[in-house]
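Letters A, B and C mark the chains as written, and numbering starts fresh at 1 in each.
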Amino acid sequence: MLAISVAVPVAWVFMASLKQNSEFYESPWKLPEGFNFKNFTDAWYDANMGTYFINSVFVTLMAIAILLAVALPCAYVLSRFSFRGRGIIKALFMGGLFINVSYIVVPIFLMLVGLNRSLQVTFFLNNHFVLALVYASTALPFTIYLLQSYFATLPRAYEEAAYVDGCSPFRTMLQIMVPMARPSIITVILFNFLSFWNEYIIALTFMTDDVMKTLPVGLMNLMKAQNAAAQYGKMYAGLVIVMLPTLILYILVQKKLTEGMTVGGIKG
Amino acid sequence: MKTSKSFLFFCTFPALALFLIFMAYPTISVFVMSLYKWGGYSAAKTFVGLNNFRALMEDDRFIGSFRNSVILLVLVSIVTLFLALWCANALTREKIRAKGLFRVIFYIPNILSAVVIAAIFSAIYDPSRGLANSLLSLVGIEPVMWLGNRSVVIYSIAIAMIWQATGYYMVMYMSSMSAVPHSLYEAADIEGASRKTKFFSVTLPLIWTNVRTTLTFFIISSINISFLLVRAMTGGGPDGASEVFLSYMYEQAYTNSSYGYGMAIGVVIFVFSFALSALVNLATRREIVEL
Amino acid sequence: MKKIISIILCAFICLSALASCRNRNADNNSSATLKVAVLESAYGSEMWEKVCDEFEKVSEDVNVELTADKNLEDVIGSKMKGGDYPDVVHLATGREAALTETMIKEGALTDLSDVLDMKVPGEEVTVSEKIIPGFTDTLATNPYQNKKTYLAPMFYSPCGLFYDANLLREKGWELPTTWDEMWALGDKAMAEGIYLFTYPTAGYFDAFIYSLLASSGGVDFYNDVMNYREGVWDTSEAKAVLDIVAKLKDYTEPTTVANSTGDNYLKNQQLVLDGKAIFMPNGTWVVEEMADAPRADGFEWGFTALPAIKDDRYSFTFFEQCWIPQEAKNKEAAREFVAFLYSDKAAQIFAEYGAVQPILNMTDKLSEENKLFYSVYENGAKAVMGGFAATEAVEGVSIYNTLFEAVNSIMTGDKTVDQWRSEIISVSDKLRNNLK
């Protein structure tokens, strides 16, 4: 019963993406009259979704790479070692969980504008790398939190053995602990992929050049604008284009996912 | 464990630096801006002290958005929590075929964008030919104006949020439930415990830390998701009846040329969610069951 | 696992190298580039491309860089915050994002009064000689009441009630000219299961209420309201307007409010096409907007001014606006461009796409359907123009919400007329103290 309540509406979106414009004025539950794949080609080529797609892939992958490179060591150290300032750093990241992107986006933007101006460059805006960096930063609190609680569940025996063997802390982390945290890393990748892929507000503010836009921003151009004729078929085709990669990724990793989400889970 | 300072430094510094630059600093400037009157474009910024906060107290629309946010927070969290626990328990403990399929299907709403969810629900809530009213008419109930009635609209949004979130938390609970050792259930079986007792005296205590953590997630995500859904489904209407925290912040900061005022709302959201989850954390503290 | 990490690291390095390549094509601003940003509305963006091409022909040293977008506020809003301003912006007030209103409140527009005295490029007449009298002395063009024009009037369109002319003909119903006739028609129609009224969103009540105000108390009264004059909402003229809206509640199709939010407002417009409701307040764009929609047999668009409260009937003239930001780099060329928008050539191109410039002798060049709409003023209705006077931003206070959005609450019975009126009075009081 519950499964149906989910499956039906989703099937509905796919159905809608195959309809012709005039069919949208009829009952929303009617099956499409034919397979109107033109919606997809229109969205992909005319509405530039192809370019935006590549941009999105690029930004999302880069952001995830940065995020992992930065968050893994930090989470590891925070969960395994006690040192001065650890409490403060932990508290900072915990507090960071409550910061909402919606209100910090303008301050970040103004900061980047200021950098551009004082350094006489245009580097900081319309730059996929900067966008990815900001994405990674905003995801840090949650990611570190997740990884940290997973690291905390891992037994210490392995590390101690590595130390006895004279392994450096860096190698211990990279070769022993990180592989053990794999389920949790997969979870982190999936969660952040979803949020980066669908992110709209930051991308809209930072990417003002048309060729630099990402998929969710491009999708807005397909949306219904007030007082203008609607292009529903194209819009739903665009929505499906945005949705498919996340769906595929989820199906691929869903088995691993359950292992990795023991947030603050049971101590082993 | 002891280790060299430089290792600790290299591990924490990049994360800390990014965090301070792109999260902490902007947040501080939000706090600062909340003390100013500024339209958002011109250079004219006037320091007004706590005036923005004082004005908030008297702003009926803000109070309405506050109330709506709290209703959604409480209602959605509680219902989602129960539904997710129940489904997770059923899927891990019971022998159900095609478990993987269920796991995929339940999670799907979580990866849909708010626009898709809004489109789906506007087809469901359509007053004359929507799914919801068609079902009601089968049992002979008068059609309900799901999005048109001021006192119903916020619950209509709550339903969409619950639909969206249940799968996510279910997957989360499933992961910790599957880590509960099987031997405990076998022991319970020998003692002849019912399903209910097994759930309340074995499963729930063991995943309690997990449940507690998700309570914080509920607070954070409900504020966020309610905004995305409200913006796509009703735009805060009719007549502001479904306005929530962030949607009202947006309206003030960007369309009413009151950026400073909007940021004051941002500060309230931050402090509110922070304090609430600290409170929830305290209230749900139990002795952790160690194995 | 090691492999995964090294792959990620490699990918990371490659990607960042790529990223820096991709950003090298930064635009170099030459002084002869004119940045024009326009809202892509129902008329489409093609006409703008053509007009820009024509402008480049007239003034050869200028190179126009056109940005046309349905969500123009999102595109130029953040650019402007970052100091990158377009030279000319075509974007009307009354939009949801209210960017133009913000610019007015911020005093961030260039005075265009001298453009009115300029010669239209390629022609021998001045701009003010071409513009229909009245268009450049409204609050929508001169927001600060100092006789200076800051916003150039663009594409105008009469607003009023749209209906199915065929439906009325078949039923033998007369078009009402007074509200008494209107209610009588409502009772007749309700008896046949047809509702008298629907509206797309509460926002459409702006033109509706503006027209009613003028009909109830005349143009001077209307201007008093727009300037938040004290006590104006206590008058019987103002009360009559609010009472009419409240009475409409009993004649409004019951699903209207539910469909008035989000994208569902098309369903309300559909009610008129399907013959389930007779009238809706709207603008001429609705024809294009509903072009694909199915309709009742023999459906034929009809358009009328609002019925009269006292003697005169009024039709609010909605028009879009074009402005030059204070921070624009290339103001000279920008002025030229704005003047060019009133040339016969530009007006002709706009008209081909259904957009009508407020210049004299345009009505003969319109399509048949448009002639019907634009002839409303020749058929006895008077024009009323301009919206509320500009004020400083007042936190949490918006006349738009209190006067128009509140109509939804009137229609659901959640607010009484008295509550509505007292809220309008309190908002008017607050805004009056902050008039620019």
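Assume a residue touches a chain if its C-beta (ideal position, glycine included) is under 8 Å from a C-beta of that chain, and two chains touch if they have at least 3 such contacts.
Here the structure is a predicted model, which is why all the values come from computation and not from measurement.
Peer 1: Measuring between Cα centroids, which chain is at the maximum distance from chain A?
Peer 2: Of all the other chains, the one whose centre lies farthest from chain A is C.
Peer 1: Which of the two pairs, B-C or A-B, is linked by more C-beta contacts?
Peer 2: Looking at B-C and A-B side by side, A-B shows more C-beta contacts.
Peer 1: Just the number, please: Cα centre separation of chain B and chain C in whole Å.
Peer 2: 37
Peer 1: So, what's the distance in Å between the C-alpha centres of chain B and chain A?
Peer 2: The mean C-alpha positions of chain A and chain B differ by 17 Å.
Peer 1: If a residue has to touch 2 or more other chains to count, which residues of chain B qualify?
Peer 2: If we look for residues of chain B contacting two or more partner chains, we find 119, 126.
Peer 1: Which chain C residues reach two or more other chains?
Peer 2: Counting only residues that touch two or more other chains, chain C contributes 81, 96, 263.
Peer 1: On chain A, where are the residues touching two or more other chains?
Peer 2: Residues 69, 106, 110, 223 of chain A touch two or more partner chains.
Peer 1: Once bound in the complex, which stretches of chain C touch chain A?
Peer 2: Against chain A, the touching part of chain C is residues 1-2, 5, 8-9, 11-12, 15-16, 18-20, 22-23, 26, 40-42, 69-71, 74-75, 78-79, 81-84, 95-96, 263, 266, 270, 283, 285, 288-289, 291-294.
Peer 1: Which residues of chain C touch chain B in the complex?
Peer 2: So the residues of chain C touching chain B come out as 77, 80-81, 96-98, 101-103, 105-108, 202, 254-264, 267, 393-398, 401, 405-409, 412, 414-415.
Peer 1: Residue numbers of chain A touching chain B in their complex, please.
Peer 2: Checking each residue of chain A against chain B gives 2-3, 5-7, 9-10, 12-13, 16, 27-29, 69-71, 73-74, 76-78, 80-81, 83, 89, 92-93, 95-100, 102-104, 106-108, 110-111, 133-134, 136-138, 140-141, 144, 149, 156, 159, 163, 169-170, 173, 194, 198, 216, 219, 223, 236, 239, 242-243, 246-247, 250-251, 254-255, 257-267.
Peer 1: In the complex of these two chains, what residues of chain B are touching chain C?
Peer 2: 37, 39-42, 44, 52, 55-56, 58-59, 61-62, 118-119, 122, 125-128, 145-150, 232-235, 237-242, 252, 254-258, 260-261
Peer 1: Tell me, which parts of chain A touch chain C in their complex?
Peer 2: Its residues touching chain C are 21-22, 25-26, 58, 61-62, 65-66, 68-69, 106, 109-110, 112-113, 116-117, 122-123, 125-129, 132, 174-175, 178-179, 182, 204-206, 208, 212, 220-221, 223-230.
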